[in-house]
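In the two complexes below, chain A is the common chain; its partner is chain B in one and chain C in the other.
Now for the complex of A and B:
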C-alpha cells in the first residue's frame, strides 16, 4: 500500500505549473470529455499522441506516470483478451478452436486508446499543482462546499490511516502472521479492519470536538487568491481548440 | 469494482451522472453539520480498508466493502462511496473521471440496499442475527454491484455481453470473501463497540 503521490512533481516549473488552476481544470475536463467521445481509431491515436505530448511538456517523468498507470494497463489488457474471443466478426486468426475476430480487436484497441489517453491527461491536469489547489479551484467552480470539505478531510485522514494500517500490519507480522488462502487469514484481516473502524470511530468524535472548539459551524471558508490573466486564456483556448480539432477530424478521415 | 474511462458509451456515463447527482444532493442536504467531518474520516478508513489484498489461490483480490459501508454508515454511505471514487480517480488513476457517476451508482445503490437489509436484523431476536444479516448485505453489495456493471456494459453495446458474463463470474469468489469479512467485522464490532452500529453513523 503506497501513499497517494499525484502531486509529487508539483514543484517543477512548466507551462502547466504556472497555469491558473480553474482554467486548467476546465480546459482539461473539456479535452477529456472530447476524447471519450472519439469513435474512430485514427482520431483516437491522435488523442493519445496529444496526451503524450502534453505529459512531456508538463515535465513529469514518464517512469512515474507509467508506474501509476499500471492498474489501467492491466484493465485494458483484460479487454484485449476477452473482446476478440467473444465478439463475432471477420476472423483475424485461428488457433485450434479459438478464433479471434477483427471487430473485437478493434473495439479493444479503441477502448485502450481512449482509456490510456485520459489516464495520461490526469497528470498534466492535477499532477502539476498541489492537491489543495485543485480542491480550491473546484470550490471556486461552484462544487458544493460540503463535498469539497469532505474530500479535503478524507484526503487528509487517508495519510493518517494508511500509517495506522502500516503499524498494525507490522504488529501482525511481528506475531508471525502470513497471508494465505485460509479461514484464519480472513478472520485476522476482518479483525484488523474492525480495529481500524473502532479506532477511527473514537477519533472522529475527538476530531469533531477539536474542530468545534476552533469555531467550526458546518462550513469552511476557502481562501484562494489566484487570478486569471491573458496567458491562462491563451493556454485554455489552445487546449479547447485541440479538443475540437480531434472531434472534427472524423469528418476528414 | 469500477469501470475506467473510454469504455462506456456517452449516453451511459452521462446518464450515470444524471441519476447520481440528485441522490448525492439530497443526502448531503439532509446531513447534520456534525456528520460532515465524521463521514469524511470514516470514508478514509474505508478507502484504506479497500486497499487491503486478500490472497485467493494464485492471485489476490482486494475488498470492495460497499455492503459494509452501507451497514455502518446508513444512507450517508452513498456520499462516502462517491468521495472514495473521486479520490481514487484523481489520486490513484483507478476508475475514471467520466465514469464517476456510473461507478458511484454501481457501488452506492447496493450500499443503500445493504443498510436497509441490515436494519431488518432488529426484527429477529436471535443471537447471531446481526452477523447473518451483515453477511447477506456484504454478499448482496457485490452481486448487485456487478449486475449493475453488467447492465451498463450491455447497454453500451451488445458486443460487451461476453465481458459482462466474465465480470459476473469473476466476482463470485469476491462475493464469498466479502460476505465473510462483513460478518466478521460486524461480530467483532458487536463485541467491542456496539454503539457504532446503533448510531448508523450519525445518520441523516
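Now for the complex of A and C:
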C-alpha cells in the first residue's frame, strides 16, 4: 500500500522550504481561493501556468506530484464526459442523437484548470515542510484546537494502522489464505477489518491513558519556534500580488 | 525510610466481569526498586494503572501521602512517571521534541524551562541527536528510550515501567538496564524478564490471579523453584547455576 506521505520532499531546499510556515500557508490559501473563483479561461490558464512554475520552483519532482494527483485527474476527466453532454449551447459535434456543446466543454475545461492548479499548489504549500510544521502553523493561526488534534492524531496513527493491516494480511497469507472472489474471502476480509477496528479502539484507549498520565486535560499546546522575517513578507507579497493579478486579468481578457 | 506508595485492600473488576485485582496490600519505600512479577494475566498492568489514577474502583491508594482522588490527580501524575509497554502508544506527538515536551507543557512550566528539561531528559537517555526527528521513523529501541525520556522530563519521584525490555534486542536491553541502574528514584518494574528484575530490584512482588503471593528479596523469591513453578514462572538460568554451584560445594565438603 502506498503511504500518503505528503511531506516526503520536506528535506529539500528551495524558497518555499525556507519560508515561514504561517506566511506560506496564508499566502497560498489566498492564491488558492483566488484561483477557485476565476471565471475566465485565459486567467485560469495563467493560473495553471503559475501553479506549474511554483511546483517547479519548489523542487518537488513532478513524477511524485502527478502520481499523488492521479485521482484528481480521473475525477476531472469525468467532467469532460458529463458537462458537454448535459449543458445546453452551441453544438460542437454530434454522434447519433448525442450532442456535445461548446459551453459544456468550456465549463469542464474551466473546472479542470482550476482543480488541477489547486491540486498542484498543495505541493509547494504543504509538501515543502514536515507535516507537523503545517499543524503548528495552523494552530498558531488560531484554527480550533480540537480540529488540530484530530488531524494530528489521524496523521500520526494512519501509519500505524496501515502497518497493522499489512501485518494482519501477511498473517492470513502465511496460513495459506488466498484472495479470491468468493464468500469465504469476503468473510475473512470482513473479520480482518473488524479486528482492525477492535485493535484500533484498544490502541486509542492506551494512547489516551498515556496522554492522561502525562497531564493531558483536553487541550494540546505545542511549542513552535518559527519566526517571521522580512524575506517571508516579501515572498508572501509576491504570491498575493500574483493572485491579485490573476483576479484582475479578467478585465483584460 | 518514608513510604511513597501505600496500597490497602485494592480491588478491581473490569467491565466484562474479569476480577483482575483481589485485595492488594502493599507498601513501597522511597528509593526502592521493586520488581513486579507474575504470569500473563496476573494483574500486573492493572495494578500499575492504579498508581496514577487511570483506574480507580475499590480500595485505597496513597502516593507520597496524597490520597488518590479527583482533586489530587494532577499532583500525583506529576510525581508518578508511567512508561507504557508499547512505545507506539507512548509516543503520540509528531516529533521527539514535542513528545518529551508534552508532560512539562501540561505541568505549566515556562517555555524556556520546558526546552531545558527536554534537553536534559533526552541527554539522560542518550538520544539528544534525535530531538528533531519524527517519532514514527525511529527504531524500536530508540522509541523505548524516548518513551522513558517523555516521563523523565516531568522529573517524577516514582518511575513505573511495564515490561520495559519486551521486544528489545540484547544490546538495547543491556543499555536499558545500565541506564535504569544509574537512576536513583523509586522504581517499579513489571515484567517477565526475570534476569533484568534480578539485576535491578532488591525486592520483588509475585502477583497471581489478582493477589500478592510473595513479597520479599528478589533472589530468594526467584530461586524458589517450587513457588515459581506453581505460578507458571521459571527460575532464571543464572540463579539455577548458582544453585548448582552451591550443591556441588556441599557435595565436595
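Going forward, the second predicted complex is superposed on the first by the 235 of 253 C-alpha atoms of A that agree within 3 Å, B and C clash if a C-alpha of one lies under 4 Å from a C-alpha of the other, contacts with A are read in each partner's own complex, and residues count from 1 in each chain.
The criterion applied here is as follows: a residue touches a chain if its C-beta (ideal position, glycine included) is under 8 Å from a C-beta of that chain, and two chains touch if they have at least 3 such contacts.
Because the structure is a prediction, the values reported are computed rather than measured.
Student: Tell me the contact category for A:37 with respect to chain B and chain C: first, second, both or neither.
Tutor: It touches chain B, and chain C stays clear.
Student: Once the structures are superposed on A, label A:90 by its partner contacts, choosing first (chain B), second (chain C), both or neither.
Tutor: Neither partner.
Student: Could you let me know whether more residues of chain A are touched by chain B or by chain C?
Tutor: Result: the larger residue contact count on chain A belongs to B.
Student: On the A-aligned overlay, A:189 touches which partner chain: chain B = first, chain C = second, or both, or neither?
Tutor: The answer is first: A:189 touches chain B but not chain C.
Student: Output check: A:200 vs chain B and chain C. Expected answer is one of first, second, both, neither. What do you get?
Tutor: Only chain B; A:200 stays clear of chain C.
Student: Once chain A of both complexes is superposed, is A:153 in touch with chain B (first), chain C (second), both, or neither?
Tutor: Both chain B and chain C are touched by A:153.
Student: Please indicate which partner A:214 is in contact with in the superposed arrangement: first for chain B, second for chain C, both, or neither.
Tutor: second
Student: Let me test your reading of the model: by the given contact rule, A:67 touches which partner, first (chain B), second (chain C), both or neither?
Tutor: neither
Student: Looking at the overlay, what does A:231 touch: chain B (first), chain C (second), both, or neither?
Tutor: In the superposition, A:231 contacts neither chain B nor chain C.
Student: Based on the superposed arrangement, let me know which partner A:130 touches: chain B (first), chain C (second), both, or neither?
Tutor: Second partner only.
Student: Shared contact residues on chain A, chain B side and chain C side combined as an intersection?
Tutor: 131, 152-153, 155-157, 160, 203, 207, 211-212, 216-217
Student: In the complex, go through chain A and note every residue touching chain B.
Tutor: 1, 4, 6, 29, 32-33, 35-37, 68-69, 71-72, 75-76, 79, 82-83, 85-87, 103-104, 107, 110-119, 122, 126, 131, 134, 144, 146-147, 149-158, 160-162, 164-165, 179-181, 185-187, 189-198, 200-205, 207-208, 211-212, 216-219
Student: Quick one: which bits of chain B touch chain A in the complex? Just the residue numbers, please.
Tutor: 4-7, 10, 13, 24-25, 28, 31, 33-34, 36-45, 47-49, 51-57, 60, 63, 72, 79, 83-84, 86-87, 89-94, 96-98, 157, 159, 161-163, 166, 177, 180-181, 183-185, 188-189, 192-193, 196
Student: Where on chain C is chain A touching in the complex?
Tutor: 49, 52, 54, 74, 77-78, 80, 82, 84, 86, 88-90, 92-95, 97-98, 101-103, 105-107, 111, 114-115, 134-136, 150-151, 154
Student: Write out the stretch or stretches of chain A touching chain C in their complex.
Tutor: Touching chain C: residues 130-132, 135, 152-153, 155-157, 159-160, 203, 206-207, 209-217, 221-223 of chain A.
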